[in-house]
Amino acid sequence: MIRLTIWNEYQHEKINEKIASIYPEGIHTAIGKGIDSTEVEVRYATLDMPEHGLTEEVLNDTDVLIWWGHRAHREVADEIVDRVQKRVLQGMGLIVLHSGHFSKIFKKLMGTSCDLKWREAGDRERLWVVDPAHPIAEGLGQYFEIGAEEMYGEHFDIPAPDELIFVSWFEGGEVFRSGCTWHRGQGKIFYFRPGHETYPTYYNKDVLHVISNAIRWAAPRHGARPVYGNAKPLETISPKNET
Amino acid sequence: MIRLTIWNEYQHEKINEKIASIYPEGIHTAIGKGIDSTEVEVRYATLDMPEHGLTEEVLNDTDVLIWWGHRAHREVADEIVDRVQKRVLQGMGLIVLHSGHFSKIFKKLMGTSCDLKWREAGDRERLWVVDPAHPIAEGLGQYFEIGAEEMYGEHFDIPAPDELIFVSWFEGGEVFRSGCTWHRGQGKIFYFRPGHETYPTYYNKDVLHVISNAIRWAAPRHGARPVYGNAKPLETISPKNET
Amino acid sequence: MIRLTIWNEYQHEKINEKIASIYPEGIHTAIGKGIDSTEVEVRYATLDMPEHGLTEEVLNDTDVLIWWGHRAHREVADEIVDRVQKRVLQGMGLIVLHSGHFSKIFKKLMGTSCDLKWREAGDRERLWVVDPAHPIAEGLGQYFEIGAEEMYGEHFDIPAPDELIFVSWFEGGEVFRSGCTWHRGQGKIFYFRPGHETYPTYYNKDVLHVISNAIRWAAPRHGARPVYGNAKPLETISPKNET
Amino acid sequence: MIRLTIWNEYQHEKINEKIASIYPEGIHTAIGKGIDSTEVEVRYATLDMPEHGLTEEVLNDTDVLIWWGHRAHREVADEIVDRVQKRVLQGMGLIVLHSGHFSKIFKKLMGTSCDLKWREAGDRERLWVVDPAHPIAEGLGQYFEIGAEEMYGEHFDIPAPDELIFVSWFEGGEVFRSGCTWHRGQGKIFYFRPGHETYPTYYNKDVLHVISNAIRWAAPRHGARPVYGNAKPLETISPKNET
């Protein structure tokens, strides 16, 4: 069982009629109801909850955290951001969606500005699979398409991803590294581009399929146990004939 | 169920008494009996079999291939090597052990000389985990040790690995990138250093644990379906409102 | 002074009138005359020359080799391919252009099929810079454009590049990793997509600018000196107080 | 001419007699006098200077910044750290030495804990070159040695380096990724392990040689010019026949 927490700032949906009509229960709920929840336990957290819904207890009980934010990045408390980072380094998976590229937690884990180009003009988007053997691409065709989306274009100021899975084509003439992974500490991070609040992107079956794959990919493994700090006295080296 | 084929040139064990006493049924059998075979179906193949035991049928029926060779690299037919490469590119996992670094199949997939330094002097070896979150390191401590082994030292002339999991320390003063992964086509490749024929390395529980992990890691996923070749006429772009 | 050899199979230009009219002296000559030749010494080699113009002497005297081939990949002798590979591993830079993706030398260095999608329909191509700090992108804007080119589309079956510099957008709906680097042995490799024989691509100033940058990037450095082979007896460890 | 600023917290040298006797003018001065200063303009900055010596003016006038810190990481003002990060993203090179692994600036650029193992016991250290073609290794042999140093051991909690150049062997049984590069924004970062304050490491000719190479490698190039932000209206696509 994967314990999933979906975090959404949940602001647009409450103040903008158009957005409310697309996501009446919020983006987080649309994702939570849309993904393949087999062996996944879904919980929600939003900005307005105490500690943004991300208490120590909740985070310790989370295997994978999904993050959607846009207009309220600055309102997320630094203390909570530090807490999330710590949990990622301990092994919690993190999936950052769309405008989350400018969230405090993503910038903190990347170390770069995470800036990019954008245009709200309903561009058609094609996401091409450039790493077809990656588990996050499992079950897809050679590309999938979103009828209308906000455009994000290069240059995307991120560290070169450990794995590049999707590259987007936009009808207006741009490209974008739309599906990228990084490892930080014991945790895995997946950035996935689609999901502007004014489009019904989180009802698109391919988008939901990718998020479902990513949840499984990002779930922590019981890895090796590194040891840090002072290592004296010298660790004993075992005798030669002990194999 | 993972269908595993263990390939061994199986020469040393038949002509050298000391080696025969360590591996009376061959290195392949020691590995096959030693690994965690839960949900793994083991099959063996050796140089002397027709088509080296690697017929089209066998390869099509193999999810992961383990390769051990040393003195008879040149006797492996080029046609069979091409066949194995093709299967790796289609998604079969490949685990190359120890002196397999100089095998035709490994050199063909790497594109480099795969040369290195070596010394047969029973050096103690410590394999440090440098990527503790990797599935191949799952369940290990911070390092594990082999009492006596042939030394392999840098520089190891390989393409920079996609992931570096183990770095070996040798008492004689050398280091070596001992656990490396690469992706080629749809297939995953793991090179694992230990296993000189004159030492009982393939009875070491940590070595067997790593190989067991690697088999699971290298097993193919049902990835995306790339399409190659001539793409005309223009592929129809779906209408805008179809999300 | 960088010693550059430009290799061209030089077949299309001799048998096709349209191509001959674009490249009357051959693609190799267009490139040789078009690049920034400051501190570069240009030499040409073609398929029809003895040893394809790539004798031991020529290769030993070459710092960077440019490769263009298409219809005659199979006519390149395996012995010459092995010779070129050996020189790359020793440190010679290699720039593979366009249809050279299917050349024997490129496939040998990559270890994959190097397959891709294509369409000859005069698509407009935009090459976006995704690694703006890379020396090969020096002096460019955020993208450059080619009015009409053959389309190459993903999936491109290559090992994940060490550095991804350009991603192409095509008006027909495809994307492509158009500028990729790899390191093999001591040598550097740059694959650069543009250059179908039926378009005047090698007169495009941005294309020539990129090739000029790549020549400088790929030129060998006097690196460290690795040592291979048997390392016994134990190398003496210098006394402690010798810093 | 490369404009180099060497930053040192410069505390140990003023309060500890032993360290003062090794570095009477401070670690920064030893490095500044020891490196190959051909075409390099050296400037110093220390913690006690106003703004730690890293004013906007100084940083704008710096191509490469070297960082040594240990006991006073916390005393470095966050505002200055932000300023240094911004300059790195703009293209300034950064060389982080030894205990600088725990500096605020390094952790901010990496996004991880940067933790490691250590032992002060005068271990002999051998730094093996694993990427002999890298400019930072230029002119070295297959390894170089430091008679006695503080040990740093894996696991080193960093993002997988873009390039791994040196791996250290320690006589006590540990290994360490001692020379690592990353790219962040337009800037290059090099972490180099040696240099504990109680050893005369910064007089070692090989250590100084590596630092000299790294200064040249990290110096900014005049790269491509990315454009960020709102990209509307649609950028005009140039006409087809304009190549």
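Each chain gets a letter, A, B, C and D, in the order it is written, and its residues are counted from 1.
Please note the rule applied: a residue touches a chain if its C-beta (ideal position, glycine included) is under 8 Å from a C-beta of that chain, and two chains touch if they have at least 3 such contacts.
Here the structure is a predicted model, which means the values were calculated and not measured.
Taking C-D and A-C together, the pair of chains sharing more C-beta contacts is C-D. Although chain A and chain D carry the same sequence, what matters here is overlap: shared residue numbers make up over half of all numbers found at their interface. Each chain's centre was taken as the mean of its CA atoms, and the one lying most distant from chain A is C.
Separating the CA-averaged centres of chain C and chain D is a span of 32 Å.
One simple way to say how far apart two chains are is to compare their mean CA positions; for chain A and chain C this gives 36 Å. Within chain D, residues 126, 129, 131-132, 142, 153-155, 160, 173-174, 183, 185, 226-227, 237 each touch two or more of the remaining chains. Listed in rising order, the residues of chain C touching chain D in the complex are 91, 122, 124, 126, 129, 131-135, 137-142, 145-148, 171, 183, 185-188, 199-201, 203-204, 220-227, 237-243.
Chain A makes touch with chain C in their complex at residues 126, 128-132, 142, 153-156, 160, 163-164, 167-170, 173-175, 177.
Residue ranges on chain D touching chain A, taken from their complex, read 85, 89, 108-113, 115-121, 151, 153-155, 157, 159-160, 162, 172-174, 182-185, 226-232, 234-235, 237.
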